[in-house]
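Same chain, two partners: subunit A is paired with subunit B first, then with subunit C.
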Partner chain A sequence: MNKTLPDGISAAEFNAAVNELKTAIGERWVFTDDVTHLRAYYDHQAIRDPALTAPSAAVAPENIVGIQKILAIARKYLIPLWTVSTGKNLAYGTAAPRMAGCIVLDLKRMNRIIEVNEKHAYAVLEPGVSYFDLYKHLQKTGSKLWIDCAAPGWGGVLGNLMDRGVGYTPYGEHFTTACGMQIVLADGTVMDTGMGNQLGSTTSDTYKYGRGPWVDGMFTMANYGIVTRLSIQLMPEPPGYRPYMVTFPKEEDIEQLTELLRPLKINMVIPNAAVTVELLLEAAIQVTRAQYYSGNGAVPDSVRKKIMADLDIGAWNFYGALYGPEPIMDNNWKLIEESFSQIKGVRFFFEQERGEEIAFGYRAKLMRGIPNMTEFSFLNWVPNGAHTGFSPMAPVDGKTALEQYQLARQRLNDFGFDYLGEFIVGWRDMHHIVVPVFNRDNEEEKRRLYEMMNVLIDEAAERGYGEYRTHLDFMDRVAGTFNWNDNALMRLNQRFKDVLDPQGILAPGKSGIWPARMREKSQP
Partner chain B sequence: MLNRRTFLQTASMLLTLPAIPSLFAGLVKPEPCLMRTVTVQDCADSEQFHAVFSAENDRIGPDIGTYLQAIGDCSDRVSALFGLTRSSDFSILSQLAWEKGYRLVYTGHHQYLPSGLQHNLQADKYVLDFLGPILTGMKAPWARSIAENAGLITSSSSLESELEFFLPVQAPTGSSGYLVSWAFVKG
Partner chain C sequence: MKYRGIATCLICFFMCACSDQEQTATAARAQAESITALNPQQDIAFDLDEGKQVFEYWCMPCHGAGPGHAGTSALAVRLGDDQSVLLQRQNMNVETIKFVVRNGFQMMPSIRVTEISDAELDALVAYIVSNGSSND
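Our next item is the complex of A and B:
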């Protein structure tokens, strides 16, 4: 295997840079061996050739001083860095960079939980803290605070928030829980945002906006700086918790159930980031496709019905939870039950009925902030399974939900894939997460999937559906769909990039934002 | 078809033990190495694998997340990771193994089809030349044969060679249908 090098950098220059990194950070924390440590920074669920996103090296500093040293070396050699906190999101590229040859700046060693404040219910932490880490820390210290975690418990609290990920408790919209960041800019400058920018501030972790322009948002899903510390609000443990599941028998029910859901969400009768899971994703946690169907193409309707019956699940399966004192939970449940009961064939389940089942069990944990990794079971839907994400946003609107579902399912089926997906329901929006599962070693299947994703992104955009997040391979294409007024927003993003990172060393291509020196060159 | 509950109760077994002597241990790897093994609970084939290492089994549930810290914590003293798991577990464990400085030296993909069992093995040629006849000879259940040759398999140095073969056997009751056997070694 030829060693991947940063674009335009000779082997001699690269080796010199690596030697400087070893001196600055320690040899143990600079990874260049493609078959051991560095292999962890490849995208092992890549749809295209993994070489297109292969890193040249990785480096793991222990603190901000280390980051500043790395930045100085990157600026000296013009070697781009790709920052990850834990780099564990398998659907969107794991720890791999958008552009081959980047050195991955892995912040996993910066994993200190700096403060947990029980009184004001927040925590201050570094990028390498995973959901598992934070949960265990709170358990160990007897904290009465809950975390909110994404489905992969090994993910980073900060990294997920920076990519605007979501969880499943009432604090499921992660970015809204952020309250101040510390950021290292490309030139090594360290700054605090919000109230933290005032020396000795007493409100840096309780009032997020500070004074003047509020800049936190522009550092999320971006490449303008490296966030090294984050304050996040945590949910106090409620006096009661009652997870539930509601099944709906027909595909078309997604329209009415979403309409019924909207007032329940907006009025906070359902306080958590609830989720409406389609039949096959629900099933794939528990069984494999081969157990039911050995033909090519999408699973036919007759088989879908058999799966529904065998597993006693719906075409759609809604998971939510009640929180609070018993009378409040009882009262809210009446409203929820009355509302959903308008749909013919609806069924309601609580923990005592389905708590032992794997799907209900892990969802119940997620909705109370207990991290786990059971959801990855759906990868076993097909042999040697891998997945990517197509993730358009939708309002909490029945007609839109049905249309998006039908569009996504039709295209996936046209290209020979099953639709596996869910709607994660916020207050006024839904993250429609579609996860095509494919055989990672089947090149023909991957070519089909790549083509399908491109078609779907374009078709969705034509209907006004934009993706909130995407895999490395589609960052440019998705960015291209946010193009109103001659790409005014992207041109602003590029102006920020040119000012904040004039040498273009931070995460080139992240969210489609390229530094000036790479902007004119077509990137694979 | 699998009983639903049985399939759901997929789990992993973890133990630390010296690698069992392979039939070829004297030829390929004289020193025992410290190894951790991972298997899937309540899967008929994995039970065969598991039985070979049954002295100290620590079975856990279907959540691979509960298992990661144990593997990560032992990486300084364990020179080989060896397992037979679901494909999804292999994906997760691989990521961790690479991070901890292991390299992948063997994979076996084992898929039950309606007409029989498809094996696809990757390792160095030396290992496959020994392992192929053992598995095609079918003198013992295939999963057991793989487990019994842990020493041989973990002596592989790369994934340079591939061996694919098909056996006309039916899936046992309680099989996961598709399993991956794998070996990582340190350094």
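Our next item is the complex of A and C:
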């Protein structure tokens, strides 16, 4: 197999660059051998040929000085870098780059928790800190602060926030908890955002906006710089916590339950990023498809009914939690119970009834910020399972929820996949996370999935549904759906790119933003 | 203006005295906020010092015994319940474990050397093939 090289770079140039990287960072932390170490940077859940997103090398600095040296070498040879923090962007590309041949800039070694401030409830940390790291650290030090984690405990606190991921506590909208970043620009300039840009600032971790244009958002889901430090707000442990589950018997109930949910969310009666989980995703945490159905195509309704009965779950399963002093939790629960009771067949459960069950158990952990990996049990739905994410946004609106559900389920079923999905409910928005599960070894199935994803992205856009995040393979297509006024926003993105990274060395193709020198070339 | 001038001098001092911008930013930040510097890198290195720690950190969340462990469930489906818990298996092969860790296998993603070093991988493998008994 030929060695993957950066586009337009000869083997001699590549070897020279690698040698310079080894001198700058240390031979131990530069990886080029595909057999021993580099394979771990491939997309393990690739839908297409993994070679399309294969890196040429990886390099792992331990500090900003190392990053500056790497940037200098990248600029010299015009070799693009693809930055990862913990590299666990599961379903969206893991640690692999958008374009084959990039050198992965692996920041996992930068894993310092620089500060935890109990008084003002925040932490300052580096990109390599995972949810498990931060949680363990807070436990070890007796902190009374909670974290908010995405479903994979392996995931990175900073990396997930940079991709505008979500968790499940009241601090579930991760980007809103960011309070200042340190960023290295492509030319090596180190910059603090917000109040941190003022020497001696006393509010860099408590007031996020600083003075003048607030630029933090520009560096999320982007390729304008490398974020090397983040201040993140943490939730103080509340005096009480009660997770609960509400089941709804009919598929159409998603409409009414979402309507009932909206005022409860907007008025903060339900304070956390709650989830409304569809039948098969709820089931797949606990059972396999083969236990119920051996035919091709989507699981039929008769089987769905049996699964629902066997597991004693709903067509929709809502997970939320109460936080605070007992009287407040009691009062909020009255409102929640009264509201959802308007739906026929609704049932309510607390920890004492279902706490021992796998699904309730891990949801109860996530809603209080205890990281775990249990959710990935759903990959066992099919043998050798992997997944990708189709993740359109929706308002907290019943009609839209039902329509998105019906569209996604119909299209998945048309292409032979089961609908596994959930709505993660924020204040006024819902992340509709659809996770088609496929067999990694089945090339025909992967081709179908790729085609289906393209169809779904286009169909969703026609209805005004845009994805908040997507896999490497679909970044251009999704970016293309945000195209109003002759792609005005993308043209602005490109202007930023050309100014901040004129040589185009940072994460080409991230979110569909390509540097000028690659813009006209069709990318696979 | 005088204060601003002093601040500028301080910035210049840091810029000149330090060899890079990182040191400048860190020094300024430490001075301004009296950072209680932690050293989790050291803690993590200590935690990962033994195969047991590596296992508990990286493997246990999916390969622990009992329900709710994705890897254990996958092995139960493929090989049966008696072969589902890694630390209870009698047929674990050193090279296979190393290959799986670095390349991933089935639903399990690969783990990079920046996450588990080669030395830590050796310790992890020793711990697994000894069925977790060496550190009990």
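General remarks:
Heads up, the rule we're going with is that the second predicted complex is superposed on the first by the 524 of 524 C-alpha atoms of A that agree within 3 Å, B and C clash if a C-alpha of one lies under 4 Å from a C-alpha of the other, contacts with A are read in each partner's own complex, and residues count from 1 in each chain.
Definition applied: contacts are C-beta pairs under 8 Å (C-beta built on N, C-alpha and C of every residue); 3 or more make two chains touch, one makes a residue touch a chain.
As the structure is a prediction and not an experimental result, all values here were calculated from the model.
Subunit B and subunit C, once both complexes are superposed via subunit A, clash. Of the two partner chains, neither subunit B nor subunit C is touched by A:Lys510. Within the superposed three-chain model, A:Gly153 lies in touch with subunit B and with subunit C [touch as defined at top]. When the two structures are aligned on the shared chain, A:His137 is found in touch with subunit C, with no touch to subunit B.
In the superposition on chain A, A:His37 contacts both subunit B and subunit C. Touch criterion met: A:Asn380 reaches subunit B and subunit C at once.
By the document's definition of touching, of the two partners only subunit C reaches A:Glu115; subunit B does not. Using the contact criterion defined above for the overlaid structures, shared-chain residue A:Arg469 touches neither subunit B nor subunit C, since it reaches no partner.
Touched residues of subunit A, counted separately for subunit B and subunit C, are more numerous for C. Contact with both subunit B and subunit C is seen for A:Thr94 once the two complexes are overlaid on the shared chain. Legend: residue contacts after superposition of the two complexes on their common chain; A:Ser294 is shown touching subunit B, with no touch to subunit C. On subunit A, the surface patch touched by subunit B in one complex and by subunit C in the other comprises residues 36-37, 39-40, 44-45, 88, 90, 94, 132, 153-154, 286, 288, 290, 358, 362, 372-374, 376-377, 379-380, 383-386.
Residues 1-2, 4, 7-10, 62-66, 68-69, 86-88, 91-92, 94-95, 98-99, 101-104, 109, 111-114, 176-178, 180, 187 of subunit B are the ones that touch subunit A when the two sit in their complex. Of all the residues in subunit A, the ones that touch subunit B in their complex are 35-40, 44-45, 88, 90, 94, 132, 152-154, 286-288, 290-291, 294, 310-311, 357-358, 362, 371-374, 376-380, 383-386. By the touch criterion given at the top, residues 29, 31, 36-37, 39-42, 44-45, 58, 60, 63-65, 68, 86-88, 90, 94-95, 106, 108-109, 111-116, 124, 128-129, 132-133, 136-137, 140, 153-154, 182, 188-190, 192, 196, 199-202, 204-205, 286, 288, 290, 358, 361-362, 372-374, 376-377, 379-380, 383-386, 440 of subunit A touch subunit C in their complex. Subunit C meets subunit A in the complex at residues 7, 10-11, 20-22, 24-25, 28-29, 31-33, 35-41, 43-44, 47, 57, 61-62, 67-70, 73-74, 77-78, 102-104, 106-115.
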